[in-house]
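The structure's right below; bear with me while I get my questions together.
Lettered A, B, C and D in written order, each chain numbered from 1.
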């Protein structure tokens, strides 16, 4: 029966992230608007948009194939599963041992693979431009991500997010310069992966510099809703990863009981609020860069990760 | 074996080397052929002397063959050929006479050096004869490579053969089979050379083998 | 002559000698070609018997472990070449490149050549062997020049002059060997007999032996085609009739190398003499490297394979120079298989140049399309000669390179790279010859494929499985050679 | 005994090969040859599987009286051989089955049928060989027969040159292996592997052997910079042979490296591990970058073979490094990763080449710029190609991910290594591995997207038809295998255990008995992966999403012209092409790796001429390694060639010179 209970908690977590994701995206948008001295759309705007899209008919391009129609479901499902493997309010949930952080990154890679194919499916020039650039950014982000993972695994002796969080929570890790470097690296990767400024602008259309939006240009209706939901989930995923790895305080441990879980949820919401605020501030403060500056940006992230590893070797040896 | 016998053998063998040098020095076709006749004569004398001191009468045959064929018949034939071909005036040497002579002296020195380590067990006569024979051989080769004209090359080759005969007769008791084979090979060689000279003349109007070069394989 | 072995030794020599005279006298070209085959076949059969019936060693002739396989190989290739020669020469007559008179001459010379080579292999006398090799050389000179084209005459003249110098050097070496021997053995025939020389070799004057071997190596090395004495070889292969190219590559080079081997065994038996190994290794390696690069700029198909023969003779010389049971074994086997392979390649090449009407390789293309049998035969031959499995030369090259590498790594690397360079050239040409869109004559080849198939089958079988008896023989001889 | 059975199978293959020469002239020849080859290789596969899983009961050795007479041909079936035989015969059976359909399109069956079974036999024999001679003999036999297959379409431009380069490089590799075995065997010629094992070489010799073995096996496997022939030769062969060459023959080369380095050389040194892993990393990245620049579908796949070989060698290098430091468990992990990738790559690379073969027969095109939209005409082929693309891109839940994940896990153990060089190097190699994996995904988005998606770019693509049933069956089986190996990797890892135990002295914990079939290479708290669970919950989540949408959302779909930001429907030529897709990546990496230069020729406004853009790329490795060698050979050949045209007098001078030189040496020497 214990498995049943664990499964229930896991399902709750999946439901929670699904419910929170549009809200978080909306929250970030709201904060940004406030920073720009605008009113901004209401926090629930993203829910409405999703519902509206779901009600609308789908307009498929003549040349679209089944890949185009299947991709949204797979993208959504893969991203959702990936989020469900990340510790949000509690560590050690039942699914969390199905995949470590490398597998989570790879799952997101699967989603991106489908999305990029969907971008090419209709056979228009904008879809292609989006896919092409998306894959460039991803291929540069992954090594950087791996170096961050390497640093973390060196510290925690694990690539399992739950184990890492538990290990970071323990006091013996202490505050190290390497961790700061890894954090910066991970944030940079997260910005790139989520099509945020300065890599991409989530609020733009009809610009030659767009990446994510170009890929989904042909999507409409329920398909678009799924893809948008997946994008929100992915943003939440990265913030959750950063939160659980670098700021693991207050996170519940699986099996501690409902009280701890609720406390964990409370702390998690606070962390999201702080993270979203910082993201908004960052995005407001910085300009979008040219596509061909992106390699420099991600190269810097890679260097930071590598530097973090090397410094860690030094401190561990000392 | 008395001392005189050795001295005479030595003299004749040395004489052969000298004539070889004369061949190198000679830059006229007619003179060259005459010199070659002299070369063959010295060889036949040397062989005859060996026959005498070794009490090996069969060597007289060799001496006779050398005398008749190489000292008389071939020079006469060669005279005819060079007159026919109109090349009896001069011959071109590729390297200057002076250098050729210097090189020749070097070769003689080399052959003596090579022969030095040979133990006395083999006999003094052998040692000397071999040194001279090797010199003649090398000088003949030098002649072949320092002359451009086919006739002089043939002469160079035949002087090599003379050197070989010198060596063969110097080897005491060497079975007759060798002399026969030498004569035999020279005979065939002459036939073939004759055939070739004929052909070459027929087709190229010259025996300067330079003329052959335009037909080198693949030089298109 | 009660000894049956003596009878067959006599047969091996007399059949070619008699038929040479007969063929010179007979005018009918059809008949002479058949007679030629018949004589070669009889010689081969008689030689095969020598395997089993070995005569006592005579004053002039000897059949021992070293030469018996060479005799059989020589007569076998002589026989297959005569079969090939039949179809080849018939085409030459049709196309008017040869007249019946020359054909008579050709056949007589062919048998004389066979006689010369057999005598050289069988002789128990250094002088007699010298005479026999001489005879063989002179007959091939005449045959190389048989087309009387300027290029053929040029090649023959070059062959003749260089060959004669080689002869002279070898004779000088032979005299020196006699000189070294006669003070030990005594004067007369014994001082020139192989069996005596090898037995008494430790007592000879080493300085004389050194000098003798130097001259013999250069003299017979000229016949082997070792660089820098090789100049006659490619042109003689290119300009003569193809059967003669096959015999030259397949047999005459072997016979000359056989002579070197005989003298090498005397040298090795004498403790005071210098080791012949380094000298042979250097000349062999030089030949391989030189020939490998020379292969690249060839346009004439027969000349290219002539250079390939230089390469392989270099390999064999190298192997014998390295010495040791494995390398010697490999050298012997390589000699044998190279004979079979190279002569078969020349059979193919002969037919190819006849159907295409040219020896100029850029004009021959796509043979596997236009003449599948000839084309694939050539592919097989080149693969075999390049030492690719499953053909036998792979085994020998494997043994040579591995045993050398363990002893002298640098030599093995140079040898291996040279083999690779050579392979590069051969394959480059093969690509053009055998593949691509066909070009040139498309007339079906009136070829006799039996000799090609027989040779390639032997080479293939040798690569996979060597009969234990043959194997034991090779190893015994390899031991003898030290 | 299984070994005897396998040898009988090989004998049967050789017999088929001979029989194929006359049979190729008949129409029934093609199915007969492929059918019998299928039977033989299926039996071989069964025997190999049984010996691998049978726990040593079926393993054994055998000597046949062929080959080197005093040695005989030694054959041995051990766990390593059994594993590679599984790979070989699986690929062989797949190719034969595929050949039943694909072979009927062959225009010159006489150039394919006789060599195909012999090629299969050669690969089987290499794996079984247990002495140096037999090994090299069969190794070269494999090269020779595959060369013949590469030359099957010799009249197509470029193929003859590809075959040339291939055979030369193969011979070069064989030469290196020959020298390596020369060192191992010693001057006495102890060629049997047993004798070599009994007398392990001294450290200096071992280092030389290692380098030579790397050159030898690497030139066959396609290690950079010895890979240049591979992308030319593999695509030149008929597609099922390409699949064999890329999927299987390169694995036989890996086998050669493993056999020599792990089995014959004894205890490795740590720098060897560093060298191998670094070569692997560079190979992986160079391979994938080249693949990205390619728009010939088959050549792209061939470059990916180079990439995957790099990944395998990363695993092998790590195993050497761990093994040298006595970290047996870690070595076992790295070796398992490498061997699992060997298997995985053989499966999905065969699948992809079969797919490209189907495209080739349907359209006659290998150039992706002339394809597009094939998913509408060839839905099944497109589906299996998609599966293969996902697998090779290391995307979960397919098999490629599992082995790359294991490799990453091995990399993450590297901080425990004592050598500082390795500590620093291995993370960098990890970054290279991550880069190559990500780039591979980009490349297969391009390959699949441009070939199968979008709109057709040529009439050939427009009129394509779905391929035959045999081919489809083969590809579906392999695609299913990709998925099964991806979601149930534990069983596959367990099957490798005896191999790894024999080579690394340790093995991974048994995976098949763990809860929920999770794989746990080191410890549960460290890392774990459960492909089955992931697959199930993704399927569940997708199903849930679909169900929810169908219940509550609008189900209406309309077809219309593409939106494309309101631009009118342009011609298919305006689609993104392979070249344009990879342009950003070329901009990022190309200027260094390919010295890529773009020249844009833009006419001034008002000029109606078309604008033009040229991209010039150079293969830096070719320029650095191959061009100088070719130039040197050519130079020397030109120089020496003058010797052919000297006068007789000059030749005599050579003789004279030789004589005088030797006499001088003799006079001086004493």
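Criterion: a residue touches a chain if its C-beta (ideal position, glycine included) is under 8 Å from a C-beta of that chain, and two chains touch if they have at least 3 such contacts.
All figures in this text were calculated on a predicted structure; none of them were measured in a lab.
Undergrad: State the pair with the higher C-beta contact count; candidates are B-D and A-D.
TA: A-D
Undergrad: With centres defined as the mean of C-alpha atoms, identify the chain lying farthest from chain A.
TA: Computed centres place B farthest from chain A.
Undergrad: Where the centres are mean C-alpha positions, what is the separation of chain B from chain D, in Å?
TA: A distance of 69 Å separates the two centres.
Undergrad: I'd like the Å distance between the centres of chain A and chain C, where a centre is the mean of that chain's Cα atoms.
TA: That pair's centroid distance is 78 Å.
Undergrad: Between chain A and chain D, tell me the centre distance in angstrom, where each centre is the average of that chain's C-alpha atoms.
TA: The separation of the two C-alpha centroids amounts to 35 Å.
Undergrad: Roughly how far is chain C from chain D, centre to centre by C-alpha average, rounded to an integer in Å?
TA: Centre-to-centre distance between chain C and chain D: 44 Å.
Undergrad: If I count partner chains per residue in chain D, which residues reach a count of at least 2?
TA: 644, 648, 652, 655, 659, 663, 666
Undergrad: Provide the list of chain B residues touching at least two other chains, using ranges where the numbers run on.
TA: In chain B, the residues touching two or more other chains are 114, 117, 141, 144, 153, 209, 212, 216-218.
Undergrad: If we use the touch criterion from the header, which chain pairs count as touching?
TA: A-D, B-C, B-D, C-D
Undergrad: Okay, in this complex, where on chain A does chain D touch?
TA: Residue list for chain A touching chain D: 14, 54-63, 65-67, 73-74, 76-78, 80-81, 84, 95, 97-100, 102-103, 106-107, 109-110, 112-113, 116-117, 119-129, 131-133, 135-136, 138-143, 145-147, 149-150, 153-154, 157-160, 163, 206, 217-218, 221-222, 225-226, 291-292, 295, 302, 306, 309-310, 313, 316.
Undergrad: Using the touch definition from the top, list the residues of chain D that touch chain B in their complex.
TA: Checking each residue of chain D against chain B gives 644-645, 647-649, 652-653, 655-656, 659-660, 663-664, 666-667, 670.
Undergrad: In the complex formed with chain C, which residues of chain B make contact?
TA: Per the stated touch rule, the residues are 114-115, 117-119, 121-123, 126, 130, 133-134, 137, 141, 144, 153, 157, 160-161, 163-164, 167-168, 171-175, 177-178, 181-182, 184-185, 188-189, 192-193, 196, 199-200, 203-204, 209, 212, 215-218, 220.
Undergrad: In their shared complex, at which residues does chain C touch chain B?
TA: Interface residues on the chain C side: 125, 127-128, 130-131, 134, 138, 141-142, 145, 148, 150-151, 153-157, 160-161, 164-165, 167-168, 171-172, 174-176, 178-180, 182-183, 187-189, 191-192, 205, 207-208, 211, 234-235, 238-239, 297-300, 303.
Undergrad: Which positions of chain D touch chain C when the two form their complex?
TA: 65-70, 110-111, 132-133, 136-138, 140-141, 143-144, 151, 154-155, 160-161, 163-164, 167-168, 171-172, 175, 178-179, 181-183, 185-187, 189, 191, 633-634, 636-638, 640-641, 643-644, 646, 648, 651-652, 654-655, 657-659, 662-663, 666, 669
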